[in-house]
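Several structures are given next for inspection.
Below, subunit A partners subunit B and then partners subunit C, in two separate complexes.
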Partner chain A sequence: MSALVDLILGIVTSIGGFVEAGSISTAAEGGSQFGFELLWAIAAASVMLAMLIEMSGRLAAVSHRSLAAAVRERFGIDFQIVPLAAELIIDILLLAAEIGGAAIAVTLLTGVAFNWWLVPIALTVWLVLCAFGFSVIEYGVGLLGLVTLAFVLAAWRLQPDPHALLGGFAPSMAGHDRLHYAFLAVSILGATVSPYLLNFYSSGTIEEELPESKLWVNTVTGYVGMCFGGVVSMGVLATSAMVLRPQGILVDSYQQAALMLVPTFGTWGVTLFALSLGIGCFGAAVEIALNAGYLSAQVFGWSWGANKRRGDAARFTAAFTLVLLLGLALALTGFDPLRLTLLSVALTVVIMPLIVLPFLVLMNDEKYVKQHKSRTLGNAFLAALTLLGCLLAIIVIPLEVLGG
Partner chain B sequence: MDLVRDLLDNAVVDRKGREMGRVDGIVLEIRDGAPPRVAAIEIAPGVLAHRVHPFFGRCMVAFGYVFHLRDPRPLVIPLGDRLQIGDRVKVDMDVGDTVAGEVEQRLRRWVRAVGGGA
Partner chain C sequence: MSSSRCVRRGSIVALLLLATAGCTSQHDRLRQHQQKMQSLAATTRVVCESWLAGDVSGRYASTALRQTLQLLEQERAALVAAPKLLRTPDGARLSDAADSLERRLARLMDAVAQRDAASVRESVAKMPLLPAEDR
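Presenting the complex of A and B:
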């Protein structure tokens, strides 16, 4: 495909594939409890994600190695075993949350109890992973996910006060429930900057064989796609702020959050919410399971690739199947998907320094990025994010206990 | 050559370019009156796990015996004509002749039985 078509598809699928259980739950809860005050957290997290995604893609396109493979080669298994194990555990938690979120979405549409949908949804995820190549998976998920633009449309039609909206982009401390506010701000970061996204994106860059000469496609897709994707999350928060907060509805379940689109779309509101939640969660489950396969195969040097016949990459197939089964098993235990989501995003923040620190080395190593090394701004950002990650890693669990 | 940076943990491929694993270990030959020399590379989950902690290494070896792998000992490839060290390490072997190939074959039969060769 031409570079322009690649670019457009990349941006569109980044927007459509941005929102999933974590971003919906944290944005909806943030909006219902604190109005527009957490918009700055989504904006900051989106910019951080965009920068990291661009670096992941650049690393993969120039070195022909995914992030996980590059970390194994550069740092060795002694370092990588900790983020690898942590990421696989978080992937299982996230999978359970996403499968649960998709099941709740189907329940909203059908009225049938959500426990009945867990196995069929997990099976469908597995069938999609076995039957389709990378492009179909990525573009299919992303294009269907454009239904989440309903949140942006709703926020626009509800005519938010521009002054209050813009004020939400200025970092501030809430006037009430400060611990819970701080916990949500940190959770928004964890929900947005998910480790699986970084390796998934770099693996996808290799699957699609993006050449070094087209790095500009990666740059534009990363920044524009992720930042516009962040706008969808902001749409969720703003809609929740304008619809649920005035009614005193504190979102602690997806069923409550579904009410936010009713004033704009009437009876279609719950349907649109369910479709957004369902497609977003289903797409995320596909990507998380696929990434678990990528991670395992790339670290241990197995054959891998969504564009290969599954039998020709049997250990890769077995890895994503096993992780999907474990996620399903956890979902079947009955844990509330919303609580699972918040737990997994908190754990994501705990391991964030181990995910970000390798970038600081790899993006300055000519062996991996040749002349496309990070400049001063990029290095300053990585250093700051590593330090911030270390600080947040220390406080996130106490925050969850005290303010979660 | 920087052994840790340029050899250890690098990807290994067979003569047809198929993934064989990674350089999990390096065997050094200690010689009297001469500096150590790289004798061979090792590819094995047990060697990799041993680097994390010897207990995990023993567990991986036991795992291999429990699952009746043909030979759970490490694959040791001597440095020489059969080995080319570059961006990736290329070995003049067929991955099907290794334990990794055996595991892949077993899982391939299962994948094809369940998924119909998708």
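Presenting the complex of A and C:
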């Protein structure tokens, strides 16, 4: 496909694939409790994600190695086994949350209790992973996910006060429930800058065989796609702030959150919310499971690739199947999906330093990025993110206990 | 600064934060419970009004009311687990409000299932408004 088509598809699918259980739950809860005050957290997290995604794509396009493979090669298996184990544990938690979120979406449409949908949804995820190649998975999910633009449309039609909206982009501390505010800010970061996205994106860059000569496609896709994707998350928060907060509804369930689209879309409101939640969560479940396969195969040196026949990459297939089964098992224990989502995204912050620190080294190693090394700004960003990650990793558990 | 000293200091900070968990004032905990109760009552009202207006289906309304009842049960369990709160006048009022809302939710779920709009309208109109909180 031409570079322009690649670019357009990349941006569109980044926007459509941005929102999932973590971003919907944190933005909906944040908007209902604190109005526009957490918009700055979504904006900051989106910019961080855009920079990390661009770097992971650049690494993959130039070195022809995914992030996980490059870390293993550079630092050795003894180092890599720790972030691998941590990321797989987080992936299982996230997978359970996404399967649960998709199940609740179906419940909103059918009225049948969500527990009945967990197995069919997990099975459908597995069938999609087995039957389709990378492009179909990536673009199919992303294009369907454009339904989430309903949140942006709703926020626009509700005519927010421009001053109040802009004020939300200035970092501040809430006037009430400060611990819960801080917990949500950290959770928004964890929901947006999910570690699985970095290796998934770098693996996808290799699957699509993006050449070094087309790095500009990666750059534009990374920044434009992720930043516009962040706008969708902001749409969720703003709509929740304008609809649910004035009515005194604090979001504690997806069923409550679904009410936010009713004033704008009437009888279509709950349906659009359910479709957004369902497609977003299903897509994320597919990506997380696929990434678990990528991660395991790349660390242990197995054959891998969504474009390969599953029989030709048996251990890769077994790895994503096993992680999917474990995620399903956790979902079947009956934890409330929204609570599980908030716990999962908070815990992703804990492992962030393990992911970002090796990145700092790789992006300055000519063996991997040749002349495309990170400049001062990129290095400063990675160093700052590593320090921030270390600090947040220490305080996130106490925040979860006190303010979650 | 050595890494072991950093880890020690970070652990002390974390432990201090955890220790303050037990120090949340009774007033703050009551306020949090009251906000949750107001939220659940507001959810009940909005779901029923949306159903009466035809903006949401009976399927969704039943699902949402059932989930609201589950959340209410969790709030009641949290109140029961804090007998000191229940002994205060505000805590006792909150417990009574939870009982009342639970009975009302059960009636509303039946009325929605039977598509009895008149009963839903009457029940929603009689819902007491809990004292407003400045947010």
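We adopt the following convention: the second predicted complex is superposed on the first by the 404 of 404 C-alpha atoms of A that agree within 3 Å, B and C clash if a C-alpha of one lies under 4 Å from a C-alpha of the other, contacts with A are read in each partner's own complex, and residues count from 1 in each chain.
The definition used in the following text is that contacts are C-beta pairs under 8 Å (C-beta built on N, C-alpha and C of every residue); 3 or more make two chains touch, one makes a residue touch a chain.
These figures come from a predicted structure and were not determined experimentally.
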Checklist entry - Between subunit B and subunit C, positioned on subunit A by superposition, is the outcome a clash or a fit? => result fit
Checklist entry - Which partner does A:15 contact after superposing on A: first (subunit B), second (subunit C), both, neither? => result neither
Item to check | Partner chain in contact with A:69 - subunit B first, subunit C second, else both or neither | outcome: first
Checklist entry - Can A:81 be said to touch subunit B (first), subunit C (second), both, or neither? => result first
Checklist entry - With the two structures laid over each other on chain A, which partner does A:301 touch: subunit B (first), subunit C (second), both, or neither? => result first
Next on the checklist: For A:395 in the superposed arrangement: first (subunit B), second (subunit C), both or neither?
Outcome noted: second
Checklist outcome for this item: Superposed angle subunit B/subunit A/subunit C, CA centres, nearest 10 degrees, is 130
Checklist outcome for this item: Chosen between subunit B and subunit C, the partner touching more subunit A residues is C
Checklist entry - Touching A:311 in the superposition: subunit B (first), subunit C (second), both, neither? => result first
Checklist entry - Looking at the overlay, does A:28 come into contact with subunit B only (first), subunit C only (second), both, or neither? => result neither
Checklist outcome for this item: Superposition result for subunit B with subunit C: lowest C-alpha separation, Å, rounded to 21
Checklist entry - Can you list the residues on subunit B that touch subunit A in the complex? => result 4-5, 8-12, 18-22, 24, 43, 45, 48, 51-52, 100, 103-108, 110-112, 115, 117-118
Checklist entry - Which bits of subunit A are touching subunit B when the two form their complex? => result 69, 72-74, 76-78, 81, 130-131, 300-304, 309-312, 314-315, 317-318
Checklist outcome for this item: The residues of subunit C that touch subunit A in their complex are 10, 13-14, 17-18, 20-21, 24, 32, 35-36, 38-39, 42-43, 46-47, 50, 54-57, 59-60, 62-64, 67-68, 71, 135
Item to check | In the complex with subunit C, residue positions of subunit A that touch it | outcome: 107-111, 176-177, 245, 247-250, 252-253, 255-256, 258-259, 262, 266-267, 269-270, 394-395, 397-399, 401-402
